[in-house]
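Chain nomenclature is as follows: A, B, C, D and E, assigned in order of appearance, with residue numbering initiated at 1 for each chain independently.
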Amino acid sequence: MGYNWNWGVLLQPVATGEGATYLGWILHGLLLTAALTLAAWLLALLVGTAFGILRAWPSRLCDAIGATYVSLFRNVPLIVQFFIWFFVVPEVLPTAIGDWIKSITPSTQVFVVSVLALGFFTGARICEQVRAGIAALPPGQLQAAQALGFRLPQTFRHILLPQCFRRILPPLTSEFLIISKNSAVASTIGLLELSGQARQLVDFTAQPYESFIVVTLAYIGLNIVILRLMEWIQRRIRLPGMMGA
Amino acid sequence: MFALEWDTILAARSIIGAGIAVTLQVTLVAIVGGIAGGTVLAMLAVSGSRPLQLFSKYYVALFRAVPLVMLLLWFFLIVPQILRAVFGLSPSVDIRLVSAMVAFVLLESAFFAEIIRAGIIGLSKGQFHAAAALGMTRYQSMRYIILPQAFRAMLPIMMTQCIVIFQDTSLVYVISLGDFFRNTVSIGERDGTLVPMLLLAGAVYWAICSGLSGLVRFLQNRTAS
Amino acid sequence: MIALKNVSKWYEDFQALHDCSVAVEKGEVVIFCGPSGSGKSTLIKLINGLEDFQKGDILFKGKSIRDRDVRLPEWRRRIGMVFQHFELFPHLSVLGNLTIAQQKVLKRDAAEAEHKAMALLDRVGLRAHAGKYPSQLSGGQQQRVAIARSLSMDPEVMLFDEPTSALDPEMISEVLAVMVELAQEGMTMLCVTHEMGFARQVADRVVFMDAGTIVETAGAEAFFSAPQSDRARDFLGRLLL
Amino acid sequence: MIALKNVSKWYEDFQALHDCSVAVEKGEVVIFCGPSGSGKSTLIKLINGLEDFQKGDILFKGKSIRDRDVRLPEWRRRIGMVFQHFELFPHLSVLGNLTIAQQKVLKRDAAEAEHKAMALLDRVGLRAHAGKYPSQLSGGQQQRVAIARSLSMDPEVMLFDEPTSALDPEMISEVLAVMVELAQEGMTMLCVTHEMGFARQVADRVVFMDAGTIVETAGAEAFFSAPQSDRARDFLGRLLL
Amino acid sequence: PVAASGQNAPLDGTLKKIADDGVVVIGYREASIPFSYYDDAKNPVGYSMDLTAIILDRIKAKLGKPDLQVRKLPITSQNRISLLQNGTIDFECTTTTHNASREQQVDFSNTFFAIGTRLLTRKSTGITDFPDLKGQNVVVGAGTTSEILLRKMNADQGMGMNIISAKDHAESFLMLSTGRAKAMMMDDALLAGERAKTKDASEFIITGTPQSREAYGCMVRKGDAQLKKLLDETLAELQTSGKAVAIYDKWFRSPIPPRGLNLDFALSDDMKALFAAPNDKILN
């Protein structure tokens, strides 16, 4: 088919004269993907837990607020959410703030936006897991805590949430894996994470196969590392006598 | 900046319409192809043959490890000639649409395979034995006894997955395929109305998906009672 | 008709059957009994080729299940089987349960299959329920449908694995009645059951198993009145309590 | 100490309690009994403010639960409660179960809480199990930990809702022994139980409920020897069978 | 008489394939104003498309197939080389810069356009040349020569620019018009096209010293000498006969569809030189 394989291209200095190699770009992309995944997962955990608690809180209003969040963030495609965070949010905020946002270093901007978009999108899924996890606890646990004089926030903090998190740990760690893949959408707003680097390499080297193969392998490697990590965490957090330990 | 210019949207309705057509085509092909491929993979996974089981397992693992964005780019940038050869496409076919469809079918096959496999494993061993005891071959028991039950049990999850697919088709953006979302964005970029157009796109997706999720919940409750 | 020759079977490391041999003649009714976990279900499943085994041989009308030209689906088709938990197909109506294998396996046409199904439903007293779904029937009715389903394939032998043990007491008799009738019509039957009254009534022979071995094989009357082995005596003693 | 005044409670449309009045003095042990669904658990939960009620009033040391300055967590803290299914916190060790509320609610420091916890574990005979998790204990041990957990909050009254009915028979006595000791030390106790031997031993009074109403209140001896109402007689008759 | 010698040689390469299939497939760009972009009816039009049409007529004549089927496929900067290599398209004349790294994979015809890479900015920013970009946000098209040049300049001269890589011209311009970027660097002709799209075109200026001169050529498969020769001859004839200038005036100096805007973009010295002496050289 007339393709000139040239794996050496990966080790060539980049055409932009920035003193890196193309492989270095890919590694940088891998680092960004990992950082983005971790940051977004933490945010998702935070947001998802907060709204999950709202949904489980014995108050119709709180439940409605949580449900609205879930509905909004689950029923709009991720890429649309990325675009809205990136293009719409600075425009609907007061002009001064919007202009300030736009003046931030672009690479920082897209990274932060990516964390927000992925975090809130995944948070909606985690919210539902937290809600279900709390609902699955025996109702006696809430009563037992209250009978000891715990206030509701203390009950959630010390009794319900710790149990809920142990139960939902497997889906929570899967979300980590899902975020690592969804993070590729960040390339659409210009973040040069792994998949963004793959495309940049195609542009600059005219050697599409080499860069795509390397980047795909990087994703598979990342996937395997995360799976191992998930197993490790799940083993660590298991309680004696529970969940088949 | 925020005012939707309805007349420009109206003027662009053919572009938006073409986008919707693409979105629906990709969604439909992904669902039909994904369920077909997923069924085959699930059957391989529960077949007695070790190599087939491994094939199914690694297929699913591979396609679930690679981001959809990468998959779309692979088929669009890297291997369109393979698609052409495999499908015997005429040179004038828009390779982006075919790439998107193939990428989605391959990926969704992996997802549906997991769902259907869970449905099959959820059945008691007795059902397999009962079918076999009547003299049914492996294929016949799958076709007439096991799969109908597995599908029925997994219907809500499969329907939810279909909604996810509908949302995910918007990622064809990365291969410049003009689906509903991309065409909406293009109009916004062209007319300087990106903000309202993005909000419009979000609202349309939200309305459709929350409507469909509501429908799934309704059906679920009805079959449960 | 059916013969097991020194059959041994392992589930991974665990040996479930040790060197079992039984021979069943045409028209005979043989009852298998023994404590839980003794290997009765395993033995029944082996005869129908539903599980693999590692040693020995199983013959049906003189032909080995290991024979190169034996096709398992055909083998199983000729041997009927009734399960403890009925295993009706929940997504098919009663009629559908009775016709599907006739049509797909025996390639009977719809009308013929339906005719046969209705005749069998008549026989087990459930003609009126043909259109219902399994979940709408009582356990006893479901088990009778399951027997009719097996019979629809014109089996030459029938295997029963504790067909009444999942049933409420008041439904046991209606299932046993169908089985008694079958036995009286001359069907060759191998039946795992703890219903000793039924066994007494129809059994030609009783096979007593324990811990994967066949401990004792005897004529029914002899077995119940004077079991040879201690273990069988012990077992019967506890059963009749 | 505790008084219910004409309390009525509805679960949506269903009236679970009709106009119930009881008064319990300091140091009294009052047993609640009655058939299933008669409202015993509901009544106990109301006293602890775990459920809302629509009519009447509940007083604790003369103060109404409806009072504006009553804070429910504090109210509940002062009233101990033991549940049928123990409700230990499975993610915490036995020691953790006993210290967490002391630290978070009573703001005791870790050392003090642990000291108290160990003393209580000693008292229920489980000092050696402090480091285990609830799932590693037997039911009887779990319930004794639950009692110790309640006591760790220095309650002025203890409520028990069928504390032994989820236990295997051989474990009931070890839990009852702890409760008898408590009663003898002068703890005010309200206890739902069907253990009539225990009731006879410790009860000052027995309250008999049926269908959401208090049918009879009597001294323990009087109740067991000569119940006034037909329903109580009937209930006792069936219980002693 | 020039063409006659060609007609005698046996067909090979792409021309043979076209003759065999009875179909020729060309690539076009969807939004490169005024070279190749959609008119109101979603047909690709533009300067490059006019040249392509003339080339296609030549091919039909050469093959003696006036009814040769023509199919048009939209391409992007990312897939154009792949699609050409794998035979999806037969050639493309759009806006592809002829450079050395691409020569590894494909062959280029005679140059049909020459551009300089410059800046588009709002007049109000006061930016007039590249040194003014110090510490500013600047947008370029991802994978373009401009991106390479700008990043190089940034690294070499420590200018502290924040460089945004946008995936296409439209997105680049969006960054500029929404204020995310102070300036946009690209091929000057394309800058003129982007500027012409907007309603407040007068607020924007094209400015700055050209950082590079680039030659657009048609891409053909590597080693396909016969097709390249046909393209070279066709383009040279257009350029020397003055027809090319007429086409240039049509797209760069007159109102163009869909909105009747005039780019008002004068013929550059490079273009004049090119039309005087057609060649297939890489500009520096």
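In the analysis below, contacts are C-beta pairs under 8 Å (C-beta built on N, C-alpha and C of every residue); 3 or more make two chains touch, one makes a residue touch a chain.
This one's a predicted model, so the numbers in the text were calculated from it and none came from an experiment.
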### Task
Set subunit A aside and report the joined-up groups of chains, separated by bars, or one piece if nothing splits.
B, C, E | D
### Task
Compute the centre of every chain as the mean of its C-alpha atoms, then state which one is farthest from the centre of subunit B.
D
## Note on the structure
By number of contacting C-beta pairs, the most connected chains are A-B
### Task
Please name the chain that ends up farthest from subunit E once chain centres are defined by their CA atoms averaged.
D
### Separation of mean Cα positions, subunit B and subunit A [Å, integer]
22
### Averaged-CA centre spacing for the pair subunit C and subunit A, given as whole angstrom
56
### Distance from the mean Cα position of subunit E to that of subunit C, given in whole angstrom
80
### Message
Touching at least two other chains at once: which residues of subunit B meet that condition?
### Response
77-78, 81, 194
### Task
Find every residue in subunit A that makes contact with two or more other chains and list them.
1, 87, 91, 188, 199, 202, 208
### Task
Write out all the pairs of touching chains, ordered by chain label.
A-B, A-D, A-E, B-C, B-E
### Query
Inside the complex, what are the residues of subunit E that reach subunit A?
77-78, 81-82, 85-87, 101-102, 104-105, 137, 142-144, 147-148, 151-152, 155-156, 162-167, 174, 178-181, 221-222
### Message
Quick check: in the complex, which residue numbers of subunit A touch subunit B?
### Response
1, 71-72, 74-81, 83-84, 87-88, 91-92, 181-185, 187-188, 195, 198-199, 202, 208-209, 212, 215-216, 219-220, 223-224
### Touch list for subunit A against partner subunit D, complex
138, 140-141, 143-151, 154, 158-159, 162-163, 166, 239-242
### Message
Which residues of subunit B touch subunit E once you look at their complex with the stated criterion?
### Response
15, 76-78, 80-81, 84, 90-92, 94-96, 176, 186, 189-190, 192, 194
### Query
For subunit B, which residues count as touching subunit C in their complex?
124, 126-127, 129-137, 140, 144-145, 148-149, 152
